[in-house]
């Protein structure tokens, strides 16, 4: 039988074993430790880019395919602020938040609002939206890469085990640490907002039963708009922060989309804390596997693992109990 | 409420309905399946928009007001099918009432647990996990939390165990007496309706065909419209 | 020993919460068993466990002598167990007719469904069901546009069309008028002439109308069992379920 | 409401539908003699895309499984056929004069991998074109449909599959040709004589007609009714005795086979296959054809794929930012024509009740809980 | 800035193009992932066409247009989608009836259109350095062949940095093949490859690869990353604390454009091997840079790929001019025949289309990036190097000769001997 897919998988496994063997000999534990530490850098970015989606999808159940574009918009806001007002990157973060949140609010008002309760239509609409946003940004800023400057005080590395030659085998850059700090702070803030305030309770009520929430005196339109805008604003912050480490161009958001989705479903959409678990698991396993094998294979393996995980834990790692 | 005409899409379901409920009354809405009782309640809270006619509440015209404003003005709706917010805890479901009552507090008034002692055992469980009858009790309790002037209940005894049916009846009466809350119930159980309500309306094919005080609710009427 | 359905020491646990604790139940041919009990007693859960909807933690379910514990729902259904849910659970996007057609007894395999023909006999059966459930006028309407009570009827119609040898009904009369309730009672009785029926109800009037044997569930276990009179006079049952007034009306 | 009963239709001969279909077929049969060479091949390609959209409509429109992986099935079929055409290059056309494709030589392979070698033979290749995607789909289907995964999570799994497989194919350059894919393939010939573009057109037309007819026939039966019920509430129907997973796996696999064959025919036309058709972007494209055409209408997605292709071809002449127009068009369709282009047709023309009447109920979402 | 290109696509208005304009297809993506690169290729092409039509720049001596006829550009945007390259090239040839096409950047897009150009017997001018191994008689390759970019850079790196190289690249054919060639070259020189890593196209996360580099402690890194991966890599490289003094990067596809986008300070001290740099000191280049900035804005930079896109347009125009002046029709045969052996004083210096293999004689140069984003040219051949489409370390003696313009039969020739490096004689 010509089972192409299976055999190619087998052959890849074979390749895998082959590639793993020499690497395994050469692996130094110090280097692996360093990689694991730096994996935190990946985790930070995943967490940051996934957080907005955890709101728009996890909480509001909007299948938002334009999530990447809101990240992109955040990056462009930062670019504009730096370019025209010579702002420090840190200063641009609030603007990125407000800017993207505003656009998010407009999008909610004109598009999403008409589609509640119809998740698949939302998916298509947001896909259309992502094309439009990319197109518009390209018209305004051209297709060229844009340059965003990281603040100089965040350059350099936090290093451990510095040896006599002055180099340190274990080091992580301050900027990566900054990213994870921002991500964790935003996560904490968001969790407080959602679980600790009446606004959060209302948001959850609205997304679970819109009609009843109305009957209980909740201004659902305002809540919907606010929540969506907040999720978009978070994406914007992600864009602002990573713009200095990555590249800024109209299609940049696409890179983050699939990963953000994987993070959110791995962790489970029911609880915000799931996203931390999701990004940690995906980020670190990606880092370790990529170090032992290589990047593309690590990606394939991690994606396959996520598929298997969904198979056995359909709703992610953290779920709430449901009565069917 | 005056000349209310309501429909789903193109097809009208309610035709020129006019009725008035006085403050502090308990009224009961009767009628066969599908005559439009639920639709009427939904129109009052604003989930269905009338194509014609007007609704006023406490002297104010609310025909155009959005649902949440009506809720904040003191209309509480306990729908058919309970509509508990599934993944909020029982406590949070109750607290949702604060949105309508406008109270800031975080404490659930103890009278709620007097009315529904079962709830205090399940406060931290998710609302959606409760059994049907438990959810119904929660729904009524949540309605009370809204601090309403009028409660609209759609078949509140459906699926409730007999002893609690009595309790609900008592509770509604007490609420009505102690707090002066107006109550409007849709019911299929005539006995329940008879005991509870002072006034009744009977609906047939989207219109009110009979009305009066409960004493006037003769078997003849029941037979004619409810085919008992 | 020749019970159609027998449940032995059934335990159902929902992440720590014990919904059923060692329930035993036997249902015989052509018999109506009525289950009553407080809200949250585990009545629906019992039916769920029988049809394979809720996982059984321990214990056994036998149907016609064969163990069906934790079988998948479609297998249990194919063996002849029909189920009506507490809340109407019907196909809103389809017409009433199609809903009944789907439920119609017969092979439910892929090939059969592709080649199935709507014969006169089948049509006849469907109209028969529609008539018994007073849905003839709505036959070609989308279920979506029916009222709550009418959906209940569709749900009952589906069970009828399924023509199972044992019928499990979860609150069949909820939301029905008194007349309809009585009609349902008649239907159930007629079913019971050839089948076994398990009914969950809270409407004691109705229970009295149909009941032969009553089982009372409380906090996940059987509290009492017996005839209407026996149960109604049981102190504990009055305490946890019927309430004081019920006695007076019942008596 | 008359045409709401699916069962009735099969007993009576659908005269009107047959007439409309024959007219449609006739138009497509005449077109190649009217159109230029570009449109001939372009239309062939769009018909294949249309067929792919129809196959997705079976699983999405009818059964409610939204898949971004249909490009994957299409491409797997495409690779099977590309290996066949590549291995049958004339010796002169093969750069390295050996029995091994050029890209394998560049990547240091010396012998043809055993799992590719049999594809040199036409019957095996033909079988593989259908069987490989079908088998792949079956394995995945078995894996996910027999579990509790549902709704949007299945969609996300398909997203992950498309993404992972793209990366995988790109990274296995020695076997798959990497990003370039398999290029410089021979053209399809029939007993030694090359099939001309017009011949290919008619083969594709026949295949498209076959897929449409088969899908229509399937969905008209009780089987179609079951699929639609699964779409609305798959749990309930299990209690009526239907093995939901079996149905889902069946339609999923069948649809993958259809998509695979379309991919197989695509390669002789396009003369290359590459991971670009595996990627999420292409998968999304297929989803959009179905959405714009109208879910559950079969012919709608087919027409949408053709119209959208033509639209894009000519929009490019107006502005380079044509995809912006496509995006806006998509938004407009979703917002103002939620049931797709087919829903714009007057009721009379809705292909014999293939389009389901979806009335959006103001209280639909909350009522579906059990 | 951006000229007319971004807003209006399709054909130019026929009005100001005089009678009987020559239709030429321009096929670059101006949207999607690869637009970052291809947009500037389109810009450079537009500049050249503009100069040809108006008789300015290098075309000054030839008067307006080509023997009186102007170029009408038919612009398509395949949106970074290989499928659309294939489809749109068909459309250009069959529906729009262009005489030839200027376009493509990635190997994948070239491969996807190759069957079209061969089947329809049309012509593509392809301006990009690539992996070689190809010899179509329907393509003129005006970017570097392996021997014009790799062959000089590896010995340079070996001598100046050390024997241990760490090779990285985007995961597709060009980087892999070119790294394979480079590896063979390095081993031939006595060096050794201590790591070989590929990242998916478009990846912007390089922490793993950087850590592997740190662990392997090479003397230099050879980078074949492309597109938006480049700025991300250089930034994260520096961010991880590796300086150009520690481990310099020798790159092929990293050009002025990417340097500007990443911020020049990240690339300062690293190297690129290319045929052209904006800092090349020729009068032609001065004019080119000036004219480009004038048309597209003072903040824009030029780079090697753009220069190739620019110079190939002149090859095409010169060939058309020759054909027309010889009284011939413009079609694939006449243009192909006339393009063979064309010479042109390009910004990088005098270049020529090799009549045998349709690749181009180009200069080989190595630049070291400065803080201002410009390169110090640290190595340059004296004249343009003759192209060989097959790496001689891997395929010894293999080259490609099209025996006569219209003979499209198998052009590959196994000479069986070492091919000497040859230079363009002036």
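We just call them A, B, C, D and E in the order they show up, numbering each chain from 1.
Simple rule for what comes next: a contact is a pair of C-beta atoms (placed from the backbone, for glycine too) under 8 Å apart; a residue touches a chain by one contact, two chains touch by 3 or more.
Which chain is which protein? Per UniProt: A = Urea ABC transporter permease subunit UrtB; B = Urea ABC transporter ATP-binding subunit UrtE; C = Urea ABC transporter ATP-binding protein UrtD; D = Urea ABC transporter permease subunit UrtC.
In this text, all values refer to a predicted model and were calculated from it rather than measured experimentally.
Touching chain D and chain E together: A.
Remark: among chain pairs C-D and A-D, A-D carries the greater number of C-beta contacts. The chain with its C-alpha centre at the largest distance from the centre of chain C is E.
Centre-to-centre, using mean CA coordinates, chain A is 45 Å away from chain B.
Measuring from the averaged C-alpha position of chain C to that of chain E gives a distance of 75 Å. Rounded to a whole number, the gap between the C-alpha centres of chain A and chain E is 35 angstrom. Between the Cα centres of chain A and chain C there is a gap of 47 Å. Shown for chain E are the residues that touch two or more other chains, namely 6, 30-32, 171, 198, 200.
Among the residues of chain D, those touching two or more other chains are numbered 167, 170-171, 235, 321, 323, 359, 361, 363-364, 366-367, 369-370. For chain C, residues that reach two or more other chains under the stated contact definition are 14, 53, 86-87, 145. By the touch criterion stated above, chain A contacts chain E in their complex at residues 28, 31, 34-35, 38-39, 41-42, 45, 134-135, 138-139, 142-147, 149-150, 155-157, 159, 169, 171, 173, 175-176, 244-247, 249-252, 254-255, 287, 290-291, 294-296, 298-299. Across the complex, chain C meets chain B through its residues 14, 17, 36-41, 44, 86-87, 145-150, 171, 174-180, 202-204, 240-246, 249. Listed in rising order, the residues of chain A touching chain B in the complex are 198, 201-202, 204-205, 208-209, 211-221, 270, 320-323. Residues of chain D touching chain E in their complex: 36-39, 41-42, 45, 92, 95, 102-103, 106-108, 167, 170-171, 173, 177-181, 183-185, 270-272, 274, 276-277, 281-282, 313, 316-323.
Contact residues on chain B toward chain A in their complex (touch as defined above): 45-47, 66-68, 71-72, 76-77, 79, 83-88, 92, 95-102, 126, 128-129, 142, 146.
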